[in-house]
Amino acid sequence: MPYVNIQLTPPESSTAEQKSEVIKGVTQVLEQVLNKNPHETFVVISEVPIGNWGVGGLPVEEYRRQNSAKR
Amino acid sequence: MPYVNIQLTPPESSTAEQKSEVIKGVTQVLEQVLNKNPHETFVVISEVPIGNWGVGGLPVEEYRRQNSAKR
Amino acid sequence: MPYVNIQLTPPESSTAEQKSEVIKGVTQVLEQVLNKNPHETFVVISEVPIGNWGVGGLPVEEYRRQNSAKR
Amino acid sequence: MPYVNIQLTPPESSTAEQKSEVIKGVTQVLEQVLNKNPHETFVVISEVPIGNWGVGGLPVEEYRRQNSAKR
Amino acid sequence: MPYVNIQLTPPESSTAEQKSEVIKGVTQVLEQVLNKNPHETFVVISEVPIGNWGVGGLPVEEYRRQNSAKR
Amino acid sequence: MPYVNIQLTPPESSTAEQKSEVIKGVTQVLEQVLNKNPHETFVVISEVPIGNWGVGGLPVEEYRRQNSAKR
């Protein structure tokens, strides 16, 4: 009976197909590893505006400009 | 001093009046059962786009097409 | 298909019966107001240690000592 | 730069190895589908006491007694 | 390796600069008090529509009309 | 009327004094930057068992062994 919340920034927008694959993949992980019933597994994707996400004490876009990290 | 987060999909949009009733009802439950002070009870409603919610390993709309479950 | 998270501090411990009543009451509110299916409504209660909750810039117990607020 | 929170009840306790597999699997899904950098992917598992989880307006154990649903 | 989620209502919209200051300030607190590495500190700001936030059993705007509380 | 949730792993246990400083510091940031009323600012600290936190597709302790990152 798991609940999963996935928060991410959509630098390029995720398509409906990609979201569908994420939902499927995460649900399968919980079924395979922990035997959780998919019909009782909720997956909620929260798309966070890029300016609302910070890391390293900076908004993420500013952080990326200052650091050479691949997303 | 409770904090309540309610996440749901708005298949048809919830009206301001409905949200008001949800806030009132949930706050009353916590006051009646646990004696929590309404003035210190926060209720936050998060409306999740339908394509961002999954169950059964599928986006919820696809899931409903495949299952005869009432909402 | 709602998910509800209720965070609260347990000054005196909540009994299993009280938690059951909270689950029942909150689920009913969502069914009555928004016609949400109880079988697809998750309610998760998170009990937060009193020292981990702050308000007014203070841990809640210290805050209560300084303010005459009923819980 | 995703953050994932997985909430579940541990009917039989999850082992460290199982948690490790969940972390690995979920991180891989986000890398494969959305090209998210694993080094910037946080996965947090929240184990919820069984009495604190409700569905169908009932604590989950009571719910299971009344419904023949596999977990 | 902290994750911080800040939920608030934007009565007047927060500017990108204000969000940047919040991210910076909160990250600094965790570094100074708990020695947490800023590069491993995520801060996510969630702006909640005013009609979706309740306190005192009322939507917050209605609550403010009935109570003389500064924001 | 903000709600702040801080999730972190306690490698060495945080003291009550440290938690108090975190609550105070974060509340001040929101007051100074966004003029939020401290009396309406909730701060909730969630201490996550180290084995329940993953990054880079690994439990965090294993991740640290494989990477030379300061916390």
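Every chain is named by a letter (A, B, C, D, E and F) in the order it is written, and numbering of its residues begins at 1.
In this text, a contact is a pair of C-beta atoms (placed from the backbone, for glycine too) under 8 Å apart; a residue touches a chain by one contact, two chains touch by 3 or more.
Please read these numbers as outputs of a predicted model, since none were measured by experiment.
The fewest steps needed to get from chain B to chain D, moving only between touching chains, is 2.
In terms of their C-alpha centroids, the spacing between chain C and chain D amounts to 21 Å. For the pair chain D and chain E, the distance between C-alpha centroids works out to 27 Å. We define each chain's centre as the mean of its Cα atoms; on that basis chain B and chain C are separated by 14 Å. Across the assembly, chain E contributes residues 1, 3, 7, 22, 28, 39, 42, 44, 53, 55 that each touch 2 or more other chains.
Pairs of chains that satisfy the touch definition comprise A-B, A-C, A-D, A-E, B-C, B-E, B-F, C-D, C-F, D-E, D-F, E-F. Remark: chain A residues 1, 3, 42, 44 touch chain C in the complex. The touching residues of chain B, when paired with chain E in their complex, are 16, 19-20, 23-24, 27-28, 31, 38-39, 41-47. Against chain B, the residues of chain C that register as touching in their complex are 1-9, 14, 18, 21-22, 25-26, 28-30, 32-37, 39-40, 53, 55, 60, 69-71.
Residues of chain B touching chain A in their complex: 7, 48, 51-59, 62.
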